[in-house]
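Two complexes come next, and they have one chain in common, chain A, joined by chain B in the first and chain C in the second.
And now, the complex of A and B:
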């Protein structure tokens, strides 16, 4: 893939994110005195990237289609708590807990999707509603059912192996899920009809519908994917740490949006790529976790992220114009 | 009777909602343009057609010949992508509006039409031929002339129509109606469940104090959302301005006023940066302000540690400063409540009474049309972002005076909380609609739920469930209202 990226680097949606990644690496090397070899093999940012990446991909697809889903901030703890309450507190088999967690994701995604296609209200507002409601439901259900806000769960060996063990003692197995998901969605977004539909929806929804694309079904599907992915991340966390993680979900909202935007996706829809989202996620993870391995005071990491985001957005605007003027730019469908 | 309109008729797809503005257009003027743009925005029409009539049976003097009026109308509005000037009435060969409507409805099955009128027309509407059948055939959208509010309700047509209970021809829905209902329900609920404590002065103080802090931020956020924008950077500006005051007046020991001015100036500066980036680059404000949010957060943390070596700084404000910004009146009501009221009055004047208020609505309705209509959209956006930066800084400043210490963290909860207050208040980011009263009601509702839950035996997290339900209700109500408004007087056939 690297060759393809390099050959037409400037015209692809990944261009901006690739440059951001290089710039951040250079910055860390020059000002942070970091050893790139050490940084590249450090588990902390890879683990961080994997968890973020799994919610960033559906977020990116939604943004390409011109929508947003911030309810993921509640769905991560919801997935975590569901599996812990069902299989930990009530002692049901782990697969029931997992089905419960993912089923809840389907349900919330369905609500988001239905409201999105049935009303004219922006999805930011709709998913803000489900975000707050789910937060309250998950936490109060936990307190009501178990009497506490943190619940332990012990998963059997097979579930641990699939969803929650550390490879080589430090790499979370969720990294493999992230890589698999990335490969799968490169196939779907860039090499299938459905992928084209998503781009078309973000470009102009009315034209897309007139062209016979089932925009409502697609959109509902994307929201379900997003909620289930978030629930999956929470579920894996619970299985890995043997207890439910109720906090931290809110950070994912902004982190995922930033990763996606740094990855070259435009919030205005119709433009982006999975490869870009992948690179954006890696870049974000390196800035926020890799900074611990540099001489730079970690307090500045937010500033770097903010500046990087704004630069990436401005840069992406330029690249997008380039891409749209190119005679055969592949991803510039509108 | 089957009317034939023939080739060259305006194009409409089934399912579209189209506003019809009829008249002799002799000559076409500003008022027609105003009604058209207003109707596109308020009723979210897909198109507006100007039906230039061959002759107005009620105007006795003979109108100038058709082609000249068509050309004049075309010259005035022809450039607008969603407005079509048509001589469809002449093609149909109809003389009265009732007949014309019959013809149009027959020729465009599946397309929905709204009859648009200036309120001055409504006053004499009952003199129109078969005016009742017009009401029955299509919904009527009545719009005020610029600078006026609807006052033609006393007209005979409106009176009769109002009695029929069909939602009146006046489609201008009051955005705060739903919000008020929500507030009443929530207040009644907590007054019943939480009992005496909730309705005691201490109970009022608990939610008023919370409402005041969020409210000061929610007001400008509401303005931005009416204009179709967002500002998430407030979450970092609040702690940043707190810390600025604490460092300047506490750590460096300068007079309080220097710290306060520095804090407020910081908020204005961040607002200016947001506004400039949004106006000049065209990047969505959500992304721009997430960027400045992270940037300011890092800057605050880094500088605070660099300067004071710690993430929190203390401050001992002078008695006068405390009296103005940080005292508790009667031992429980924060003085911020009065500042909130002042902010609400100022912003209410700006939005609803001053001429700039209409610009904000226009910006949210359709930015391109707003710019074409001569509104300085860039300057206006920048001003709105500076207002929200200033308001956030003001909250930060008053917080540090009240708590006598500032911390790097905190403020993040304001981001979504302020948006929620605005949404519960009936402003749904769909652009172009909303009111300061609604935002204030939304804020109070939010604060009552947030604080009232502690007076009950329920788990505090259930408060979030109630807020979430209120938000989703607001979302559903918005579209229900729209459907009611557009469909109430529509009868099939």
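And now, the complex of A and C:
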């Protein structure tokens, strides 16, 4: 019976990320002398996790569907520059700037998605292309239109309240968006028919299409979701900090991939969970930001992340094998 | 007289200048197993892809229940009740039995404004469907497909096709990758499907498997139907001869020798060599 319960737990894609989180927390407590209570309520890693988490969820969905989108690295500054140029430099109402930022996300997502379904080029390459191209567009447009690579924007109170204020003086409001998005996509991925389609697409795209799933439409939708989410993170940043820069965002690519893979998503598709991505994001954020609250020199954080990534992936592989071979709960009871 | 469920009349298929299927005419009735035999490259795959709507015939006609049909895409064929099960059966190894059973046709229940994937119904239906086919070892719909044996996966895929109303079941080499015991499971399931009045097209190059379940046999050679006969009309040896190229036994022997010689040249496995030498 115990075995059955254990195998049920290990069968879940979140198992590896949960253990990673526990391991990291233990490591910090034992070697870093950190107080867990302080760590748990520290705004810095929560803010970091929220921004990362909003791009990690669509990244994870794409990965489960068997694809990748690295153009998010350019879409984050693109989103913040769009809102800053339209509403800051040109003084248009903030909603036009926001519509511009999100609209640009829809457009780039559409380009990525159409290229992915119309060509046989791997999406890593397609989105590498749009990543570099968008960087060029954002920089050129910014310099051409404003003469600067950094633009200020002043958002009205309602926009600040919704997208860019600090709750209790230190928690970014985007945390609520992240939590909401996590809940929404747990519902979609694990409890709706569409979620099943995403898993099927990652398992075998041809069979999925033959089963009547509109794989092309789903894929384009996922790319749009990814680009819009990245653009949204950029937009919230611009509204919060009252300014936008053309640089930044590249770190998000690798951070999101690490968070998603630590979260138990299979790089080649067909397996993963939103809960796992959430835990992977939290773990990543605690390692990279929480280290400031430990006695450990922060220069070690990248080493910890690297080791954690490898360990988590190895663990996930072991758990996946267990999931395939473990006796089911019902048959174990007999 | 009732019409055959599926009939091909003079179907040709060419890809550019290459003719793959020549003048294929076949009939299959409900509750009948048609064994499609042929060596590699004989056009079996192209034929089943044409039946399944992946390819359109270059010329010729297809009929279902006596009415002409034309499939533009696999979905059209599927809607007419033509289901194909491929060699490895379940294609989503990391999905649960219940989830993969219902890919594309997920059962949902309404909870408030939301339409929720009904995992319980999906699992129960899937397990029940496959158990009705005699695979009683499958009892938990949450198990992952990748954890099933090859025969169980095939059985699940066949049960799935039948559950969703397949009238013509195309089985593409279902036993090719299986051991003896697993194969007999699959053969039993083919018979069960036949009993339910399904027209089964069983593609194989294992004559023993074909003889065990077939009512009607067609041998394909270089894209043409070289022989078309009913159960009991030909012996095992005759069928093997036909598959090897339609030659008589005498010339087959020569062919086997030729094959062994060329095979010796490549000699990928050392095992057959010592056996082959004393015979030669």
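In this section, the second predicted complex is superposed on the first by the 316 of 334 C-alpha atoms of A that agree within 3 Å, B and C clash if a C-alpha of one lies under 4 Å from a C-alpha of the other, contacts with A are read in each partner's own complex, and residues count from 1 in each chain.
Everything below uses one rule, namely that a residue touches a chain if its C-beta (ideal position, glycine included) is under 8 Å from a C-beta of that chain, and two chains touch if they have at least 3 such contacts.
Fair warning: this is a prediction, and the values are worked out from it, not measured in the lab.
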Clash or fit, chain B versus chain C on superposed chain A: clash
First (chain B), second (chain C), both or neither touched by A:254: first
Partner chain in contact with A:203 - chain B first, chain C second, else both or neither: second
Per-residue touch tally on chain A - higher for chain B or for chain C: B
Which of chain B and chain C A:31 touches, first, second, both or neither: neither
Touched partner set for A:90, first chain B, second chain C, both or neither: neither
First (chain B), second (chain C), both or neither touched by A:193: second
Partner chain in contact with A:211 - chain B first, chain C second, else both or neither: second
Touched partner set for A:271, first chain B, second chain C, both or neither: second
Clash-bearing segment of chain B relative to chain C, given 7-15, 151-159, 169-177 or 439-447: 7-15
Contact footprint of chain C on chain A as seen in their complex: 11, 187, 190-193, 195-197, 199-200, 203-204, 207-213, 266, 270-271, 320, 323-326, 328-331
Of chain A, residues touching chain B in the complex: 68, 115, 118-122, 124-126, 128-137, 139-140, 143-144, 250, 254, 257-258, 261, 267-268, 297, 299-307, 309-310, 313-314, 317
Interface residues, chain B side, partner chain A - complex: 44, 230, 232, 277, 281-284, 286-288, 290-299, 301-302, 305-306, 412, 416, 419-420, 423, 428-430, 458-459, 461-469, 471-472, 474-476, 478-479, 482
Chain A partner contacts - residues on chain C that touch it in the complex: 74-75, 78, 91-95, 99-100, 102-106, 108, 114-117, 139-140, 142-144, 146-147
